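Down below are the structures I want you to see.
Both of the next two complexes hold subunit A, though its partner changes from subunit B to subunit C.
The block that comes next holds the complex of A and B.
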(Lines of atoms letter the chains of each structure in order from A and count residues from 1; the text may use other names and numbers.)
(Lines give C-alpha, C1' and ligand atoms only; values in the text may rest on other atoms or scores of the structure.)
Protein backbone atom coordinates (compact mmCIF):
# COMPACT_ATOMS: atom_id res chain seq x y z
CA UNK A 1 0.00 0.00 0.00
CA UNK A 2 1.05 3.53 -0.69
CA UNK A 3 2.78 4.76 2.50
CA UNK A 4 2.13 8.42 1.78
CA UNK A 5 -1.55 7.70 1.35
CA UNK A 6 -1.72 5.79 4.64
CA UNK A 7 0.03 8.61 6.50
CA UNK A 8 -2.30 11.12 4.91
CA UNK A 9 -5.36 9.29 6.22
CA UNK A 10 -3.79 8.78 9.66
CA UNK A 11 -3.44 12.51 10.04
CA UNK A 12 -6.93 13.19 8.74
CA UNK A 13 -9.34 10.54 9.99
CA UNK A 14 -12.74 10.22 8.38
CA UNK A 15 -15.46 7.87 9.54
CA UNK A 16 -19.01 6.83 8.73
CA UNK A 17 -21.27 8.20 11.44
CA UNK A 18 -24.47 6.71 10.02
CA UNK A 19 -25.69 5.36 6.71
CA UNK A 20 -25.06 8.12 4.14
CA UNK A 21 -23.35 10.36 6.71
CA UNK A 22 -19.58 10.80 7.00
CA UNK A 23 -17.74 12.66 9.76
CA UNK A 24 -14.39 14.39 9.63
CA UNK A 25 -12.85 16.52 12.39
CA UNK A 26 -10.15 19.07 11.56
CA UNK A 27 -7.66 19.94 14.28
CA UNK A 28 -4.75 22.39 14.26
CA UNK A 29 -3.76 24.78 11.52
CA UNK A 30 -4.72 24.18 7.91
CA UNK A 31 -2.08 24.91 5.33
CA UNK A 32 -2.51 24.42 1.60
CA UNK A 33 -0.97 20.90 1.65
CA UNK A 34 -3.22 19.73 4.48
CA UNK A 35 -6.30 21.33 2.91
CA UNK A 36 -5.53 19.46 -0.30
CA UNK A 37 -5.12 16.19 1.65
CA UNK A 38 -8.45 16.74 3.39
CA UNK A 39 -10.16 17.49 0.10
CA UNK A 40 -8.65 14.33 -1.48
CA UNK A 41 -9.73 12.15 1.43
CA UNK A 42 -13.23 13.60 1.60
CA UNK A 43 -13.78 13.17 -2.13
CA UNK A 44 -12.40 9.62 -2.17
CA UNK A 45 -14.51 8.59 0.81
CA UNK A 46 -17.64 10.31 -0.51
CA UNK A 47 -17.15 8.48 -3.79
CA UNK A 48 -16.39 5.11 -2.18
CA UNK A 49 -19.28 5.16 0.28
CA UNK A 50 -21.74 7.09 -1.89
CA UNK A 51 -22.55 9.16 1.22
CA UNK A 52 -25.01 12.04 0.92
CA UNK A 53 -23.61 14.21 3.72
CA UNK A 54 -20.20 14.92 5.23
CA UNK A 55 -20.03 16.63 8.60
CA UNK A 56 -16.79 18.63 8.66
CA UNK A 57 -16.10 19.65 12.24
CA UNK A 58 -13.79 22.66 12.55
CA UNK A 59 -14.05 23.16 16.29
CA UNK A 60 -10.37 22.30 16.70
CA UNK A 61 -8.92 24.61 14.06
CA UNK A 62 -6.37 27.00 15.48
CA UNK A 63 -7.13 29.98 13.24
CA UNK A 64 -9.54 30.91 10.47
CA UNK A 65 -7.69 33.29 8.19
CA UNK A 66 -8.65 34.02 4.60
CA UNK A 67 -6.61 31.09 3.25
CA UNK A 68 -8.34 28.61 5.59
CA UNK A 69 -11.77 30.05 4.78
CA UNK A 70 -10.98 29.80 1.08
CA UNK A 71 -9.95 26.14 1.47
CA UNK A 72 -13.14 25.34 3.38
CA UNK A 73 -15.32 26.91 0.69
CA UNK A 74 -13.46 24.99 -2.04
CA UNK A 75 -13.76 21.68 -0.17
CA UNK A 76 -17.51 22.06 0.26
CA UNK A 77 -17.96 23.01 -3.41
CA UNK A 78 -15.98 19.97 -4.55
CA UNK A 79 -17.93 17.46 -2.46
CA UNK A 80 -21.19 18.96 -3.66
CA UNK A 81 -20.19 18.22 -7.24
CA UNK A 82 -20.05 14.57 -6.23
CA UNK A 83 -23.55 14.77 -4.80
CA UNK A 84 -22.34 14.85 -1.22
CA UNK A 85 -23.21 17.93 0.77
CA UNK A 86 -20.85 19.25 3.46
CA UNK A 87 -22.29 20.39 6.75
CA UNK A 88 -19.84 22.59 8.64
CA UNK A 89 -20.02 22.02 12.38
CA UNK A 90 -17.98 23.32 15.29
CA UNK A 91 -18.61 26.96 14.48
CA UNK A 92 -17.50 28.30 17.86
CA UNK A 93 -18.07 31.96 18.80
CA UNK A 94 -14.37 32.51 17.92
CA UNK A 95 -14.72 31.00 14.47
CA UNK A 96 -17.95 32.90 13.85
CA UNK A 97 -16.30 36.23 14.74
CA UNK A 98 -13.33 35.53 12.49
CA UNK A 99 -15.61 34.63 9.58
CA UNK A 100 -17.54 37.86 10.08
CA UNK A 101 -14.33 39.94 10.19
CA UNK A 102 -13.16 38.22 7.02
CA UNK A 103 -16.49 39.01 5.41
CA UNK A 104 -16.72 35.47 4.02
CA UNK A 105 -20.04 34.53 2.49
CA UNK A 106 -20.61 30.86 3.16
CA UNK A 107 -23.61 31.01 0.83
CA UNK A 108 -26.18 28.32 1.46
CA UNK A 109 -23.75 26.09 3.33
CA UNK A 110 -25.33 24.45 6.37
CA UNK A 111 -23.41 25.44 9.50
CA UNK A 112 -23.99 24.37 13.09
CA UNK A 113 -22.36 25.01 16.43
CA UNK A 114 -22.30 21.36 17.48
CA UNK A 115 -21.79 18.01 15.80
CA UNK A 116 -25.16 16.90 17.20
CA UNK A 117 -26.84 19.78 15.35
CA UNK A 118 -25.10 18.77 12.13
CA UNK A 119 -26.22 15.16 12.57
CA UNK A 120 -29.75 16.32 13.22
CA UNK A 121 -29.66 18.45 10.04
CA UNK A 122 -28.44 15.46 8.01
CA UNK A 123 -31.04 13.17 9.58
CA UNK A 124 -33.89 15.54 8.82
CA UNK A 125 -32.78 15.83 5.19
CA UNK A 126 -32.61 12.04 4.94
CA UNK A 127 -36.10 11.73 6.41
CA UNK A 128 -34.81 10.35 9.69
CA UNK A 129 -35.34 11.51 13.23
CA UNK A 130 -34.14 10.64 16.71
CA UNK A 131 -36.97 9.72 19.06
CA UNK A 132 -36.79 9.25 22.80
CA UNK A 133 -37.75 5.70 23.81
CA UNK A 134 -40.17 7.13 26.38
CA UNK A 135 -42.10 8.89 23.63
CA UNK A 136 -42.83 5.53 21.99
CA UNK A 137 -44.37 3.98 25.08
CA UNK B 1 17.31 22.13 21.50
CA UNK B 2 13.82 21.59 20.14
CA UNK B 3 12.66 22.73 16.71
CA UNK B 4 10.59 25.39 18.37
CA UNK B 5 13.45 26.79 20.42
CA UNK B 6 15.53 27.22 17.30
CA UNK B 7 12.74 29.13 15.57
CA UNK B 8 12.11 31.65 18.26
CA UNK B 9 14.53 34.09 19.76
CA UNK B 10 13.08 35.37 22.99
CA UNK B 11 14.31 38.70 24.30
CA UNK B 12 12.33 40.50 27.00
CA UNK B 13 8.78 39.51 26.10
CA UNK B 14 9.62 39.49 22.41
CA UNK B 15 9.22 36.53 20.12
CA UNK B 16 10.84 36.58 16.70
CA UNK B 17 10.01 34.06 14.00
CA UNK B 18 11.54 33.70 10.57
CA UNK B 19 8.81 32.75 8.12
CA UNK B 20 10.19 30.89 5.13
CA UNK B 21 7.79 27.97 4.79
CA UNK B 22 4.23 27.10 5.80
CA UNK B 23 5.36 25.12 8.86
CA UNK B 24 6.89 28.30 10.30
CA UNK B 25 3.45 29.92 10.29
CA UNK B 26 2.15 27.29 12.70
CA UNK B 27 5.10 27.78 15.06
CA UNK B 28 4.63 31.54 15.09
CA UNK B 29 0.91 31.09 15.69
CA UNK B 30 1.59 28.92 18.74
CA UNK B 31 3.96 31.52 20.15
CA UNK B 32 1.40 34.21 19.51
CA UNK B 33 -1.33 32.27 21.31
CA UNK B 34 0.92 31.65 24.29
CA UNK B 35 1.93 35.30 24.49
CA UNK B 36 -1.67 36.55 24.18
CA UNK B 37 -2.86 34.12 26.87
CA UNK B 38 -0.06 35.14 29.23
CA UNK B 39 -1.07 38.76 28.79
CA UNK B 40 -4.58 37.81 29.89
CA UNK B 41 -6.59 38.14 26.68
CA UNK B 42 -9.88 36.22 26.52
CA UNK B 43 -9.93 33.06 24.41
CA UNK B 44 -11.90 34.72 21.63
CA UNK B 45 -9.37 37.55 21.36
CA UNK B 46 -6.51 35.03 21.50
CA UNK B 47 -8.10 33.24 18.53
CA UNK B 48 -8.51 36.50 16.63
CA UNK B 49 -4.96 37.73 17.24
CA UNK B 50 -3.63 34.30 16.20
CA UNK B 51 -5.76 34.46 13.05
CA UNK B 52 -4.39 37.94 12.26
CA UNK B 53 -0.84 36.67 12.71
CA UNK B 54 -1.48 33.70 10.41
CA UNK B 55 -2.91 36.07 7.81
CA UNK B 56 0.14 38.37 7.94
CA UNK B 57 2.62 35.47 7.92
CA UNK B 58 0.94 33.75 4.98
CA UNK B 59 0.78 37.06 3.10
CA UNK B 60 4.57 37.29 3.38
CA UNK B 61 4.94 33.77 1.99
CA UNK B 62 2.65 34.44 -0.96
CA UNK B 63 3.87 37.89 -1.91
CA UNK B 64 7.42 38.23 -0.61
CA UNK B 65 8.81 34.68 -0.31
CA UNK B 66 8.87 35.07 3.46
CA UNK B 67 10.05 37.47 6.13
CA UNK B 68 10.04 37.90 9.89
CA UNK B 69 7.21 38.12 12.38
CA UNK B 70 7.83 39.67 15.78
CA UNK B 71 5.39 39.40 18.67
CA UNK B 72 5.83 42.11 21.29
CA UNK B 73 4.17 42.94 24.54
CA UNK B 74 3.50 46.62 24.42
CA UNK B 75 2.15 49.31 26.71
CA UNK B 76 0.80 52.78 26.20
CA UNK B 77 -0.77 55.07 28.78
CA UNK B 78 -0.93 52.26 31.36
CA UNK B 79 -2.66 49.92 28.91
CA UNK B 80 -1.10 46.63 27.94
CA UNK B 81 -1.39 44.93 24.63
CA UNK B 82 0.14 42.69 22.03
CA UNK B 83 1.85 43.96 18.91
CA UNK B 84 2.48 41.95 15.76
CA UNK B 85 5.16 43.21 13.39
CA UNK B 86 5.55 41.54 10.01
CA UNK B 87 8.61 42.60 8.02
CA UNK B 88 9.44 41.40 4.53
CA UNK B 89 11.84 42.44 1.79
CA UNK B 90 9.47 41.61 -1.04
CA UNK B 91 8.14 43.72 -3.89
CA UNK B 92 6.23 46.16 -1.64
CA UNK B 93 2.63 47.22 -2.11
CA UNK B 94 2.13 49.62 -5.02
CA UNK B 95 -1.24 50.92 -3.85
CA UNK B 96 -1.95 50.49 -0.15
CA UNK B 97 -5.45 52.00 -0.38
CA UNK B 98 -6.34 49.41 -3.01
CA UNK B 99 -4.79 46.57 -0.97
CA UNK B 100 -6.96 47.61 1.96
CA UNK B 101 -10.13 47.21 -0.06
CA UNK B 102 -12.11 44.02 0.38
CA UNK B 103 -11.78 41.60 -2.52
CA UNK B 104 -8.76 43.28 -4.10
CA UNK B 105 -6.04 40.76 -4.91
CA UNK B 106 -3.03 40.73 -7.22
CA UNK B 107 -2.70 36.97 -6.91
CA UNK B 108 -6.15 35.49 -7.47
CA UNK B 109 -6.72 34.96 -3.74
CA UNK B 110 -9.82 36.20 -1.94
CA UNK B 111 -8.27 39.62 -1.30
CA UNK B 112 -9.76 39.95 2.14
CA UNK B 113 -6.69 39.32 4.29
CA UNK B 114 -5.34 42.78 5.09
CA UNK B 115 -8.73 44.45 5.63
CA UNK B 116 -9.68 41.54 7.90
CA UNK B 117 -6.50 41.99 9.97
CA UNK B 118 -7.46 45.64 10.42
CA UNK B 119 -10.94 44.62 11.62
CA UNK B 120 -9.58 41.94 13.96
CA UNK B 121 -6.95 44.16 15.58
CA UNK B 122 -7.34 47.59 17.23
CA UNK B 123 -4.88 49.31 14.94
CA UNK B 124 -2.84 48.53 11.87
CA UNK B 125 -0.17 50.51 9.99
CA UNK B 126 1.53 49.62 6.74
CA UNK B 127 4.90 51.04 5.70
CA UNK B 128 5.88 49.95 2.24
CA UNK B 129 8.43 50.88 -0.39
CA UNK B 130 8.02 49.39 -3.85
CA UNK B 131 10.96 47.15 -4.61
CA UNK B 132 12.22 47.16 -1.02
CA UNK B 133 9.61 45.57 1.20
CA UNK B 134 6.74 45.99 3.57
CA UNK B 135 6.32 46.36 7.32
CA UNK B 136 2.89 45.77 8.84
CA UNK B 137 2.35 46.67 12.48
CA UNK B 138 -0.87 45.63 14.22
CA UNK B 139 -1.87 46.07 17.89
CA UNK B 140 -4.54 44.68 20.11
CA UNK B 141 -5.07 46.29 23.54
CA UNK B 142 -6.23 44.54 26.68
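The block that comes next holds the complex of A and C.
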Protein backbone atom coordinates (compact mmCIF):
# COMPACT_ATOMS: atom_id res chain seq x y z
CA UNK A 1 0.00 0.00 0.00
CA UNK A 2 1.51 3.40 -0.90
CA UNK A 3 1.89 6.27 1.57
CA UNK A 4 -0.79 8.37 -0.09
CA UNK A 5 -3.28 5.54 0.21
CA UNK A 6 -2.41 4.99 3.88
CA UNK A 7 -2.87 8.71 4.58
CA UNK A 8 -6.22 8.68 2.79
CA UNK A 9 -7.38 5.71 4.85
CA UNK A 10 -6.18 7.26 8.12
CA UNK A 11 -8.06 10.47 7.42
CA UNK A 12 -11.16 8.61 6.33
CA UNK A 13 -11.58 5.44 8.37
CA UNK A 14 -14.23 2.93 7.38
CA UNK A 15 -15.22 -0.16 9.30
CA UNK A 16 -17.65 -3.03 9.18
CA UNK A 17 -20.32 -2.31 11.75
CA UNK A 18 -22.32 -5.48 11.12
CA UNK A 19 -22.64 -8.09 8.40
CA UNK A 20 -23.41 -6.21 5.19
CA UNK A 21 -23.17 -2.81 6.93
CA UNK A 22 -20.19 -0.45 6.73
CA UNK A 23 -19.74 2.69 8.78
CA UNK A 24 -17.77 5.77 7.86
CA UNK A 25 -17.66 8.91 10.01
CA UNK A 26 -16.60 12.14 8.32
CA UNK A 27 -15.02 14.80 10.49
CA UNK A 28 -13.75 18.21 9.42
CA UNK A 29 -13.93 19.95 6.10
CA UNK A 30 -15.32 18.21 3.05
CA UNK A 31 -13.87 19.66 -0.13
CA UNK A 32 -13.94 18.09 -3.57
CA UNK A 33 -10.54 16.37 -3.11
CA UNK A 34 -11.61 14.80 0.16
CA UNK A 35 -15.02 13.89 -1.27
CA UNK A 36 -13.23 12.03 -4.08
CA UNK A 37 -11.02 10.23 -1.51
CA UNK A 38 -14.07 9.25 0.52
CA UNK A 39 -15.84 8.02 -2.59
CA UNK A 40 -12.82 5.92 -3.62
CA UNK A 41 -12.49 4.38 -0.15
CA UNK A 42 -16.21 3.65 0.14
CA UNK A 43 -16.33 2.05 -3.31
CA UNK A 44 -13.25 -0.09 -2.67
CA UNK A 45 -14.55 -1.27 0.67
CA UNK A 46 -18.08 -1.89 -0.62
CA UNK A 47 -16.63 -3.91 -3.47
CA UNK A 48 -14.26 -5.86 -1.22
CA UNK A 49 -16.82 -6.68 1.46
CA UNK A 50 -19.94 -6.95 -0.71
CA UNK A 51 -21.67 -4.70 1.81
CA UNK A 52 -25.26 -3.75 1.13
CA UNK A 53 -25.37 -0.57 3.21
CA UNK A 54 -22.89 2.14 4.13
CA UNK A 55 -23.71 4.53 6.95
CA UNK A 56 -21.98 7.82 6.21
CA UNK A 57 -22.04 9.94 9.34
CA UNK A 58 -21.62 13.65 8.64
CA UNK A 59 -22.20 14.96 12.16
CA UNK A 60 -18.56 16.07 12.31
CA UNK A 61 -18.57 17.91 8.99
CA UNK A 62 -17.80 21.54 9.68
CA UNK A 63 -20.32 23.06 7.26
CA UNK A 64 -22.75 21.69 4.74
CA UNK A 65 -23.24 24.01 1.79
CA UNK A 66 -24.45 23.20 -1.71
CA UNK A 67 -21.00 22.02 -2.82
CA UNK A 68 -20.74 19.58 0.10
CA UNK A 69 -24.31 18.40 -0.51
CA UNK A 70 -23.50 17.78 -4.16
CA UNK A 71 -20.44 15.76 -3.15
CA UNK A 72 -22.61 13.67 -0.83
CA UNK A 73 -25.17 13.06 -3.55
CA UNK A 74 -22.43 11.93 -5.95
CA UNK A 75 -20.97 9.57 -3.35
CA UNK A 76 -24.35 7.99 -2.75
CA UNK A 77 -24.99 7.63 -6.49
CA UNK A 78 -21.63 5.91 -6.92
CA UNK A 79 -22.19 3.37 -4.15
CA UNK A 80 -25.66 2.69 -5.51
CA UNK A 81 -24.09 1.68 -8.81
CA UNK A 82 -22.32 -1.08 -6.88
CA UNK A 83 -25.59 -2.23 -5.36
CA UNK A 84 -24.70 -0.70 -2.01
CA UNK A 85 -27.01 1.91 -0.53
CA UNK A 86 -25.68 4.86 1.46
CA UNK A 87 -27.53 5.97 4.56
CA UNK A 88 -26.64 9.48 5.64
CA UNK A 89 -26.61 9.98 9.40
CA UNK A 90 -25.68 12.84 11.67
CA UNK A 91 -28.05 15.33 10.06
CA UNK A 92 -28.43 18.20 12.50
CA UNK A 93 -31.41 20.60 12.46
CA UNK A 94 -29.15 23.29 10.98
CA UNK A 95 -28.01 21.00 8.20
CA UNK A 96 -31.59 19.91 7.52
CA UNK A 97 -32.65 23.55 7.24
CA UNK A 98 -29.68 24.41 5.04
CA UNK A 99 -30.47 21.56 2.66
CA UNK A 100 -34.07 22.71 2.36
CA UNK A 101 -33.10 26.34 1.86
CA UNK A 102 -30.49 25.44 -0.71
CA UNK A 103 -33.10 23.40 -2.57
CA UNK A 104 -30.91 20.29 -2.51
CA UNK A 105 -32.79 17.25 -3.68
CA UNK A 106 -31.48 14.21 -1.83
CA UNK A 107 -33.77 12.01 -3.89
CA UNK A 108 -34.48 8.66 -2.26
CA UNK A 109 -31.48 8.90 0.03
CA UNK A 110 -32.19 7.65 3.55
CA UNK A 111 -31.19 10.31 6.09
CA UNK A 112 -31.25 10.15 9.87
CA UNK A 113 -30.21 12.36 12.75
CA UNK A 114 -28.45 9.62 14.71
CA UNK A 115 -26.24 6.70 13.81
CA UNK A 116 -28.59 4.41 15.73
CA UNK A 117 -31.43 5.47 13.42
CA UNK A 118 -29.29 4.67 10.40
CA UNK A 119 -28.41 1.27 11.83
CA UNK A 120 -32.07 0.58 12.51
CA UNK A 121 -32.91 1.54 8.92
CA UNK A 122 -30.25 -0.82 7.57
CA UNK A 123 -31.36 -3.62 9.91
CA UNK A 124 -34.95 -3.14 8.86
CA UNK A 125 -34.05 -3.47 5.19
CA UNK A 126 -31.94 -6.53 5.91
CA UNK A 127 -34.85 -8.10 7.80
CA UNK A 128 -33.08 -7.82 11.14
CA UNK A 129 -34.20 -6.23 14.37
CA UNK A 130 -32.67 -5.44 17.73
CA UNK A 131 -34.71 -6.52 20.74
CA UNK A 132 -34.12 -6.09 24.42
CA UNK A 133 -33.07 -9.24 26.24
CA UNK A 134 -35.85 -8.53 28.74
CA UNK A 135 -38.39 -8.70 25.95
CA UNK A 136 -37.29 -12.24 25.21
CA UNK A 137 -37.73 -13.43 28.79
CA UNK B 1 -29.37 -18.76 -30.76
CA UNK B 2 -27.05 -16.85 -33.08
CA UNK B 3 -23.35 -16.28 -32.47
CA UNK B 4 -23.52 -12.91 -30.66
CA UNK B 5 -26.14 -14.18 -28.25
CA UNK B 6 -24.39 -17.52 -27.81
CA UNK B 7 -21.25 -15.75 -26.63
CA UNK B 8 -22.96 -13.35 -24.27
CA UNK B 9 -26.15 -14.97 -22.96
CA UNK B 10 -26.67 -17.88 -20.61
CA UNK B 11 -29.93 -19.06 -19.20
CA UNK B 12 -30.29 -20.23 -15.63
CA UNK B 13 -33.47 -21.04 -13.68
CA UNK B 14 -35.69 -19.02 -16.01
CA UNK B 15 -33.35 -16.03 -16.03
CA UNK B 16 -31.11 -14.84 -18.84
CA UNK B 17 -27.68 -13.61 -17.86
CA UNK B 18 -26.25 -11.23 -20.41
CA UNK B 19 -22.53 -10.80 -19.80
CA UNK B 20 -21.38 -7.70 -21.61
CA UNK B 21 -18.01 -8.09 -23.30
CA UNK B 22 -15.20 -5.72 -22.32
CA UNK B 23 -15.07 -4.29 -25.85
CA UNK B 24 -18.76 -3.45 -26.08
CA UNK B 25 -19.40 -0.45 -28.32
CA UNK B 26 -22.36 1.12 -30.10
CA UNK B 27 -22.23 -1.27 -33.02
CA UNK B 28 -22.08 -4.40 -30.89
CA UNK B 29 -24.74 -3.06 -28.57
CA UNK B 30 -27.08 -2.36 -31.48
CA UNK B 31 -26.62 -5.83 -32.91
CA UNK B 32 -26.94 -7.46 -29.50
CA UNK B 33 -30.05 -5.54 -28.49
CA UNK B 34 -31.93 -6.26 -31.71
CA UNK B 35 -31.41 -9.99 -31.27
CA UNK B 36 -31.90 -9.97 -27.53
CA UNK B 37 -35.38 -8.40 -27.68
CA UNK B 38 -36.62 -11.28 -29.86
CA UNK B 39 -34.89 -13.75 -27.55
CA UNK B 40 -36.62 -12.29 -24.45
CA UNK B 41 -40.05 -12.54 -26.09
CA UNK B 42 -39.41 -16.05 -27.40
CA UNK B 43 -38.08 -17.48 -24.14
CA UNK B 44 -40.72 -15.94 -21.83
CA UNK B 45 -38.08 -15.15 -19.19
CA UNK B 46 -38.69 -14.49 -15.51
CA UNK B 47 -35.74 -12.17 -15.26
CA UNK B 48 -32.75 -10.73 -17.07
CA UNK B 49 -29.45 -9.88 -15.43
CA UNK B 50 -27.00 -7.57 -17.19
CA UNK B 51 -23.57 -8.55 -15.91
CA UNK B 52 -21.13 -5.60 -16.12
CA UNK B 53 -18.20 -7.44 -14.53
CA UNK B 54 -16.04 -7.34 -17.70
CA UNK B 55 -16.41 -3.58 -18.10
CA UNK B 56 -13.46 -1.68 -16.66
CA UNK B 57 -14.25 1.66 -18.32
CA UNK B 58 -17.53 3.13 -19.46
CA UNK B 59 -18.35 6.60 -20.70
CA UNK B 60 -21.62 8.30 -19.92
CA UNK B 61 -23.01 7.93 -23.44
CA UNK B 62 -22.45 4.18 -23.59
CA UNK B 63 -23.72 3.83 -20.00
CA UNK B 64 -26.93 5.60 -21.03
CA UNK B 65 -27.27 3.27 -24.02
CA UNK B 66 -26.73 0.19 -21.84
CA UNK B 67 -29.16 1.33 -19.16
CA UNK B 68 -31.62 2.26 -21.91
CA UNK B 69 -31.26 -1.26 -23.28
CA UNK B 70 -31.97 -2.65 -19.79
CA UNK B 71 -35.05 -0.43 -19.42
CA UNK B 72 -36.34 -1.49 -22.82
CA UNK B 73 -35.95 -5.15 -21.89
CA UNK B 74 -37.89 -4.50 -18.71
CA UNK B 75 -40.81 -3.11 -20.68
CA UNK B 76 -41.04 -6.48 -22.41
CA UNK B 77 -41.98 -8.09 -19.11
CA UNK B 78 -39.08 -9.70 -17.26
CA UNK B 79 -37.57 -8.33 -14.08
CA UNK B 80 -34.28 -6.65 -14.88
CA UNK B 81 -31.20 -6.22 -12.73
CA UNK B 82 -27.71 -4.94 -13.40
CA UNK B 83 -24.85 -6.44 -11.44
CA UNK B 84 -21.11 -6.28 -10.80
CA UNK B 85 -20.29 -2.70 -11.73
CA UNK B 86 -16.66 -2.16 -10.75
CA UNK B 87 -15.69 0.71 -8.41
CA UNK B 88 -13.83 2.61 -11.16
CA UNK B 89 -16.86 2.65 -13.44
CA UNK B 90 -19.18 3.61 -10.55
CA UNK B 91 -16.91 6.49 -9.58
CA UNK B 92 -16.64 7.84 -13.14
CA UNK B 93 -20.39 7.64 -13.74
CA UNK B 94 -21.19 9.35 -10.44
CA UNK B 95 -18.78 12.17 -11.25
CA UNK B 96 -20.47 12.57 -14.63
CA UNK B 97 -23.82 12.84 -12.81
CA UNK B 98 -25.09 9.71 -14.46
CA UNK B 99 -28.55 8.73 -13.25
CA UNK B 100 -29.32 5.00 -13.22
CA UNK B 101 -33.02 5.75 -12.78
CA UNK B 102 -35.18 2.98 -11.44
CA UNK B 103 -33.07 0.08 -12.66
CA UNK B 104 -32.12 -2.22 -9.77
CA UNK B 105 -28.40 -2.69 -9.30
CA UNK B 106 -26.93 -5.56 -7.29
CA UNK B 107 -23.46 -6.33 -5.98
CA UNK B 108 -23.10 -9.68 -7.68
CA UNK B 109 -24.73 -12.06 -10.10
CA UNK B 110 -25.79 -14.29 -7.21
CA UNK B 111 -27.42 -11.34 -5.44
CA UNK B 112 -29.31 -10.41 -8.63
CA UNK B 113 -30.55 -13.94 -9.22
CA UNK B 114 -31.57 -14.29 -5.57
CA UNK B 115 -33.47 -11.00 -5.72
CA UNK B 116 -35.31 -11.97 -8.91
CA UNK B 117 -36.24 -15.38 -7.56
CA UNK B 118 -37.26 -13.93 -4.23
CA UNK B 119 -39.57 -11.38 -5.89
CA UNK B 120 -41.02 -14.06 -8.15
CA UNK B 121 -41.58 -16.39 -5.21
CA UNK B 122 -39.61 -19.08 -7.02
CA UNK B 123 -36.98 -21.41 -5.64
CA UNK B 124 -33.62 -21.70 -7.34
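As a convention for this text, the second predicted complex is superposed on the first by the 137 of 137 C-alpha atoms of A that agree within 3 Å, B and C clash if a C-alpha of one lies under 4 Å from a C-alpha of the other, contacts with A are read in each partner's own complex, and residues count from 1 in each chain.
Heads up, the rule we're going with is that contacts are C-beta pairs under 8 Å (C-beta built on N, C-alpha and C of every residue); 3 or more make two chains touch, one makes a residue touch a chain.
Predicted model only: the values in this text are computed from it and were never measured.
Participant: Using the superposition on subunit A, decide if subunit B and subunit C clash or fit.
Facilitator: Pair status: fit.
Participant: Could you look at A:29 and tell me whether it touches subunit B, subunit C, both or neither (first, second, both, neither)?
Facilitator: In the superposition, A:29 contacts subunit B only.
Participant: Quick one: is A:69 in contact with subunit B, with subunit C, with both, or with neither? Answer first, second, both or neither.
Facilitator: first
Participant: Where does A:104 make contact in the superposed view: on subunit B (first), on subunit C (second), on both, or on neither?
Facilitator: first
Participant: Compare subunit B and subunit C by how many residues of subunit A each one touches, and report the one with more.
Facilitator: B
Participant: Taking the superposition as given, does A:114 touch the first partner, subunit B, the second, subunit C, both, or neither?
Facilitator: Touch status of A:114: no partner.
Participant: Go through the superposed model and pick first if A:83 touches only subunit B, second if only subunit C, both, or neither.
Facilitator: In the superposition, A:83 contacts subunit C only.
Participant: Determine the nearest approach in Å between the Cα atoms of subunit B and those of subunit C after overlaying the two structures.
Facilitator: 10
Participant: Could you tell me which stretches of subunit A are touched by subunit B in one complex and by subunit C in the other?
Facilitator: Overlap of subunit B and subunit C footprints on subunit A: empty.
Participant: So in the complex, which bits of subunit A are touching subunit B?
Facilitator: 28-29, 31-33, 62-70, 93-95, 97-98, 101-104
Participant: Please output the residues of subunit C touching subunit A within their complex, sorted ascending.
Facilitator: Within the complex, subunit C contacts subunit A at residues 83, 85-87, 89-91, 93-95, 97-100, 105-108, 111.
Participant: Which residues of subunit A touch subunit C once you look at their complex with the stated criterion?
Facilitator: Result: residues 39-40, 43-44, 46-47, 50, 52, 74-75, 77-84 of subunit A touch subunit C.
Participant: For a test of understanding, state which residues of subunit B touch subunit A in their complex under the given definition.
Facilitator: So the residues of subunit B touching subunit A come out as 22-23, 25-26, 29, 33, 43-44, 47-48, 50-55, 58, 102, 109-110, 112-113, 115-116, 119-120.
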